[in-house]
Amino acid sequence: MPQAQGPVRVALIGSGRMGSFHGETLARRLPGATLAAVADPAPGAAEKLAGTLGAPKFFTDAAAAFADPDIDAVVIAAPARFHADLVVGAAAAGKAVFCEKPMAITLADADRAIDAANAAGVVLQVGFNRRYAPDWAAARALLDNGTLGTPRLLRSVTRDPGGFDPSRVAPNTIFLETLIHDFDTLRYLNPGANAVEVFATANALVEPEWKDRGLLDTAVVVVRFDNGAVGTAEACFEAAYGYDVRGEVFGSGGMATMGDGRKTGMVFSGAAGQLADTARGDQELLTSAYIAELAEFVEAVRTGGSATVNGEDARAALEIALAAAQSVETGRPVLIAELAK
Amino acid sequence: MPQAQGPVRVALIGSGRMGSFHGETLARRLPGATLAAVADPAPGAAEKLAGTLGAPKFFTDAAAAFADPDIDAVVIAAPARFHADLVVGAAAAGKAVFCEKPMAITLADADRAIDAANAAGVVLQVGFNRRYAPDWAAARALLDNGTLGTPRLLRSVTRDPGGFDPSRVAPNTIFLETLIHDFDTLRYLNPGANAVEVFATANALVEPEWKDRGLLDTAVVVVRFDNGAVGTAEACFEAAYGYDVRGEVFGSGGMATMGDGRKTGMVFSGAAGQLADTARGDQELLTSAYIAELAEFVEAVRTGGSATVNGEDARAALEIALAAAQSVETGRPVLIAELAK
Amino acid sequence: MPQAQGPVRVALIGSGRMGSFHGETLARRLPGATLAAVADPAPGAAEKLAGTLGAPKFFTDAAAAFADPDIDAVVIAAPARFHADLVVGAAAAGKAVFCEKPMAITLADADRAIDAANAAGVVLQVGFNRRYAPDWAAARALLDNGTLGTPRLLRSVTRDPGGFDPSRVAPNTIFLETLIHDFDTLRYLNPGANAVEVFATANALVEPEWKDRGLLDTAVVVVRFDNGAVGTAEACFEAAYGYDVRGEVFGSGGMATMGDGRKTGMVFSGAAGQLADTARGDQELLTSAYIAELAEFVEAVRTGGSATVNGEDARAALEIALAAAQSVETGRPVLIAELAK
Amino acid sequence: MPQAQGPVRVALIGSGRMGSFHGETLARRLPGATLAAVADPAPGAAEKLAGTLGAPKFFTDAAAAFADPDIDAVVIAAPARFHADLVVGAAAAGKAVFCEKPMAITLADADRAIDAANAAGVVLQVGFNRRYAPDWAAARALLDNGTLGTPRLLRSVTRDPGGFDPSRVAPNTIFLETLIHDFDTLRYLNPGANAVEVFATANALVEPEWKDRGLLDTAVVVVRFDNGAVGTAEACFEAAYGYDVRGEVFGSGGMATMGDGRKTGMVFSGAAGQLADTARGDQELLTSAYIAELAEFVEAVRTGGSATVNGEDARAALEIALAAAQSVETGRPVLIAELAK
């Protein structure tokens, strides 16, 4: 429970790239929150980030943060495989939870996390950032007010700027960590519909020599929904022009396109033609979305509200990701209903 | 053989919507050609169009046009199921042939058409209009000069403006007549690669009550190529905003996007925001491409050149279309190599 | 008078850069016209272009073309200072006249040209190309149907791609030959209003060392109209990115913007960002407008219609140009009513 | 002087529309600042806003805020005619000053304000928001790194969304309060150059019946700079499509265009065409710029830095505004050097 009048006291779990950004947001960008602690098992990591951001406490064990009565909520930005256990631990300690995607990497884990939050009656929010990006929210508004009509075809694209280390990419990362955003986006823009079947094809086109070791760096996934709409999600780990997040929803009333990739609206016309600079990373392109999702979380904690992107959303996107992985393995479309539970 | 100095004398076979446009181009837009005759089996149809366009001859039987020594070439715009026989007949008579897509609707027919043209030594060009649209040609130029690098992901979209009569849509029209353009486009923008496997999902979302009678008005097709690139083609027979033809090719060097759907570059900013009018039909959006393809054909005939979009291209796109249809039937991806020949 | 059934027989007067383009249009792009003759005083010039384009006759003296009974109409693309006399000569001989801008460079000459055409009862059309460019025509349609409301502020820009020879630029060329287009555009987009006052400032910014010899290569002109609207016209003889023609009309109902400078709709996203190629010259950017204006002329001649852009339009734009030149000389705004007549 | 470690304690002077926004920024959006007090002479106004934003103190007299030792800095958002005196008062009391534009409405007042800040050695920053808008900053970067070359032609546009009360618009508001932004923008994008001469034309086109009472709601101003570049600034108090701030700088190296007016990047394609929603007010369009300018101010106060947009900039923009007003009065261009000092 937050203090009566003060800001929500948040512990950050995980001090890596995304954790650091969330930490900064909690410490410096959200007057309603304070960064109360940082936890990270890597020697010195939590202390260092806590020092930089002025957080009063740091831990190597997340459990210590969960046990701390001066902490109201946690933001989990640890590696994906630890997410479910961390959600369960935090919820059991009565902390509100914001968990980076994917909330879990198995359906059983997802169910455990959801159950734990329900049992504790705490907020459980998941970091599907695109819902907080202005273009996507505007498209959803056109669905909600009927302008777009019934969705027929959807598209969601994520392309990373490259520079990854292929030796450190776990199998199915492209589905579980990258395309999970797109799977949620397809669901977000096809409100009330459920995925029925998934067909995926994937390959190592950026680092072809790693294909034999299981790397998948480029993928296309087709998702058939129970309202007949078909969504296409595609991802690649390297785009020469930077970070690229775009989407499209085409319904009976028209089409919305989201994402123009531009860094600013300034266009330079020179000897080469008209040039608009592009965003080079997610934190640059989605800055306001990353802040908005934490703002909503903090507000939910403060007011006793509930999350609009919750554990069930995380589970539903995970189903599509697991089906996509299975489709690549088998070379066949996979029914969501077939998934081992 | 064309007259020594005069324009190429072309007979138009088929006087429907597309035939009329091609007829007008031959009669009025291409100084190098004359519309020498119109053939159409419908009573009075050929006579009427010939009168309108000033063509000196008209026939109800295409064979009469083939037999006419004053005709150098034919433009076939009859219903798709007659195309292959018409190509064979025209080629056998020594006429150069421009055939609207699809050149054939079975692989056996495609082979017959190709063989007939080869045997006769006549030009055989196929109406894949997008190759002649400036955006697509510009994208291909970026592939040819290496700027785009190796293709990884491609997309091609066709959306018609609606208003079709579902009772008159033959099965698999969406693959054989609509998406055939997109299949060719994917090949055009992935030069030298061959399709290996096709997965398709399709539905009747515009006219759902016709689904039981076999209507497919909305489809998504994933095409895997032998260079690892994956293309997505999608189509719908109705878009609220008009006629929509767009594409994307994403390679190791960057991305090209094609098609902005705008009628002109004029933008009106009013109470509703910024508004750009969209093209409402193919002949409006692709006017210059339709003229350019006939101009190239006429020039090839005149100079004894060969077609850049030929029977082999038509056959390769047809393979993808047939595999897509089979994929929808079976619910499984289909290897091009599996296709019954 | 044109032949009963045949194409309009046109003589081209002037075989330079623009004359050659118009000649090609008459010879090859307009089935309703034939290029019947070319006239140019430069030794061999008319013969050469006539040969290239298949025109049956060529003259060194335009008067010979005027006297030829086999010629129905003339297209004048000679140097500007000869325009008025050529219009008068052609009209006196009963030929329909299309004259490149400026139709005249003094008001007295403009009046002579108008009077001659009126006396002869021939079509007199002036080459204000922007009226035939799709963006501008679409903006005008929004004025005509009331969408834009009453114009308040207008803008018209012309920037040439550079590469000019400063020694060959006559004084006030920027007003009389370049901005004359923009002055007409401001009038076209402020229908029914008349220019009242003009303020201009100009300089040699591209070739500063030529300023002392009277070169003006960059200019801004403010035109106040009698309905209160204010138009701004600006020009520069060199733009690093090519040929740039844009405009804007802002009225009580909203704003229309015209001209995006893009060569095609294809956008390349690469290491530098998003890149759209730009048109590099007027004949590339305005191809369709150049053809459309001659098509309208030929149609007016054939049907006995009248020109929509006529001598009075040429005179009105000239008034603004002369006032702009006088404004630069005097450093003061100049009333149209002050102009020596 | 700020507290050793704590946030900069800022008093807000003026609690109107813009004051409220700045107050919110100080209270809720800038962790480095606190809103320490609100001052406003209107009965109850300061108390009300202080209550809403949690500011501990409120005053009806700004002098009380200046005298308060617990206040480090002031943000002045009172009516323009009081600005100079408030700057002088705050500076004399040793407070750092952020002053909304215009800092003064006479040159003598501007000089007094500058002198007071200099004498006190306090930061004096002026609210020229466009310098903090990403498009404009990006254009300036292209000037600073030489890409744009030497400026030749510049344009800056401001259009308000309308709904103003013509009875409350002081004479020359369009120059002193609206176009002052554009005058600063022209200077910002022509670095190091000074305005030499100004020609302006203005009218009451939105509310024509108020023209006789001196209303000017639409204006065009041409500014000639000492490096030969010519800038055009235009404004109108009502645009049907909302709030419109755009600009262009064209130099020897190319052109930068700034401002696309779009609310988000989402585009809806529907029966009317492609539609992008537009921003409807300055606080919506320039949110981040308004925050960034205060962030820079707070940082300057905290670190003892100086303002990048200072009293001299305010004075230079005021010169252009006063010359524009004089030009409208006299109907003639006005030299900056002529201005009564």
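Some observations on this one:
A, B, C and D label the chains in the order they appear, each numbered from 1.
Basically, contacts are C-beta pairs under 8 Å (C-beta built on N, C-alpha and C of every residue); 3 or more make two chains touch, one makes a residue touch a chain.
Given the structure is predicted, the values throughout are model-derived calculations rather than measurements.
Considering the contact criterion stated above, the chains in touch with chain C and with chain D alike are A, B.
Centroid distances from chain B, each centroid being the mean of CA atoms, peak for D. The geometric centre of chain A is 57 Å away from that of chain C, both derived from CA atoms. Centre-to-centre separation between chain A and chain B, using Cα means, comes to 41 Å. With touch defined as above, residues shared between interfaces to two or more other chains in chain B number as follows: 239-241, 244, 253-255, 262-263, 269-271, 277.
The touch graph of these protein chains is complete, with an edge between every pair of chains. The residues of chain B lying in touch with chain A in their complex are 149-150, 152-153, 159, 197, 199, 201, 203, 205-206, 208, 218, 220, 222, 224, 228-230, 232, 234, 236, 238-241, 244, 250, 252-255, 331-333.
For chain B in complex with chain D, the touching residues are 239-241, 244, 261-263, 269-278.
For chain B in complex with chain C, the residues that touch the partner chain are 27-29, 31, 134-139, 142, 147-148, 253-260, 262-271, 277.
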